[in-house]
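One structure, pasted below without further comment.
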Amino acid sequence: MEDHSDMTSVEKILKNDRFAKHVGIKLLEVSDGYAKAEMEIGDQHLNGLNMVHGAAIFSVADLAFAAAVNSHGVDAVAINMTVAFINTVRSGKLTAEAREISLNRKLGTYLISVTDDAGNLVANLQTTAYRKTPKK
Amino acid sequence: MEDHSDMTSVEKILKNDRFAKHVGIKLLEVSDGYAKAEMEIGDQHLNGLNMVHGAAIFSVADLAFAAAVNSHGVDAVAINMTVAFINTVRSGKLTAEAREISLNRKLGTYLISVTDDAGNLVANLQTTAYRKTPKK
Amino acid sequence: MEDHSDMTSVEKILKNDRFAKHVGIKLLEVSDGYAKAEMEIGDQHLNGLNMVHGAAIFSVADLAFAAAVNSHGVDAVAINMTVAFINTVRSGKLTAEAREISLNRKLGTYLISVTDDAGNLVANLQTTAYRKTPKK
Amino acid sequence: MEDHSDMTSVEKILKNDRFAKHVGIKLLEVSDGYAKAEMEIGDQHLNGLNMVHGAAIFSVADLAFAAAVNSHGVDAVAINMTVAFINTVRSGKLTAEAREISLNRKLGTYLISVTDDAGNLVANLQTTAYRKTPKK
């Protein structure tokens, strides 16, 4: 993983993220207000129709978001995520990129794209994050 | 699981849902336009802050939704899901209930609540589903 | 309008709401975490296809939400609203009902239904509100 | 208005859009999968706190979306819109730009930004549209 930013908060949040490990998601890159994650598609990600499960797609997007929102070293959580499911995918790798489009003292807004190996848009998310006031 | 409805489509979709199995989600009940699922919280569901991961919360909601939307025997998929994360949770069990609030030939709308053992609302989702035209 | 609650904040917000007046929306009822508004459909609410405009439907829902979220006497604003457009409508009256499903110190969650004269669901919204810290 | 595309559907939809006229929204530009609209802020757009009403912000975004989604000459409607309200605004002009990020036979996905005169992001929307099957 490339490291361009204050990683205190990101490290704390991701190093011990057992759900991301269980699902098989890796963080590739993080910088100020940006992060990229990927998930190698395996049998455990498929739903009953042999497509990657919506919640697995959500999971890789959520990890990219978590890294981007916490890249500033202030603890933050999603309060609202809207996901548009656009194309189905069955194999290969999913790549999620999260980009910050606004940030103020308490709230931030993020767009996250999830694409397949061919660059097709699998899902797009718009997310609002709430930043906890740092304790002195 | 109680069985109140035509299960053809639900069975097909959930029986072979490897992601739901991998995450540890069980379907408890399904009837016309309604379903209930649960997830026993384990270490593998936690994020780096020792709270249940947003994507794990989403996953149990998504399974309840999938069962409710497919309860009518017509294949359907989520095209849009909005999740409001309301309370954090660290242990016990999550219960998701999906309820249909509208249904027409091509689209359906669902509300899904996720609650903890004490009945606190952990998340609430509003979802739009797209129904595939049955092949003759 | 029936008055069941501390109206300080609601009154301040709605009495001088020029957009609601311009669009022709009336507040019918407000109580703790609940409000009801209506809009008599006129020619000015129609889009190019002679249906009530999505933004007009949103407007009546937004007023009910604003009254419900401010019913507690603490200034609050929407930070996120998701609207599912369900049925079209061309004439008669729209009724919006907003109900609080969660409330803590800084955030609240609301569901708002918009129905036509026959009781059909025209739209449903899920909204997250941010409450400003009262100044001493 | 600059005209870069097949305007049949856009013209039909916007020429007779009485709500957009009533609210005071102008379409500035439309091309394939893109549109730009603006609203000169007047007293009639303000809420009780003297800020531009959320529903007025939604209205200008919705018109840009409607022009973008109908730019292809196939009737389409929003089925889901999520708006994140980011900064408040009190005067000047609002500019909305809608951009298509995906399009298939039945569904399209759009991002819409609303900015003020200083270029600040006032709101951002993610929208799913449903395209009606053209009648032969």
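A, B, C and D label the chains in the order they appear, each numbered from 1.
The criterion applied here is as follows: contacts are C-beta pairs under 8 Å (C-beta built on N, C-alpha and C of every residue); 3 or more make two chains touch, one makes a residue touch a chain.
Owing to the predicted nature of the structure, the values given are computational and were not obtained by experimental measurement.
Ranking every chain by how far its Cα centroid lies from the centroid of subunit C, the top place goes to A.
Chain pairs B-C and C-D differ in how many C-beta pairs are in contact, and the one with more is C-D. Each chain gets a centre from the mean of its Cα atoms; for subunit C and subunit D, those two points are 21 Å apart.
Chain centres here are Cα averages; for subunit A and subunit C they lie 32 Å apart. Distance from the subunit B centre to the subunit C centre is 28 Å, each centre being the mean of its Cα atoms. Within subunit C, residues 79-80, 82, 84, 107, 128 each touch two or more of the remaining chains.
Per the touch definition, subunit C reaches subunit D in the complex via residues 12-23, 43-50, 53-56, 58-59, 62-63, 66, 75, 77-85. Partner subunit A is touched in their complex by these residues of subunit C: 79-80, 82, 106-107, 128, 130. On the side of subunit A, the complex with subunit D involves touching residues 80, 82, 84, 86-87, 101-102, 104, 107, 109, 111, 121, 124-126, 128.
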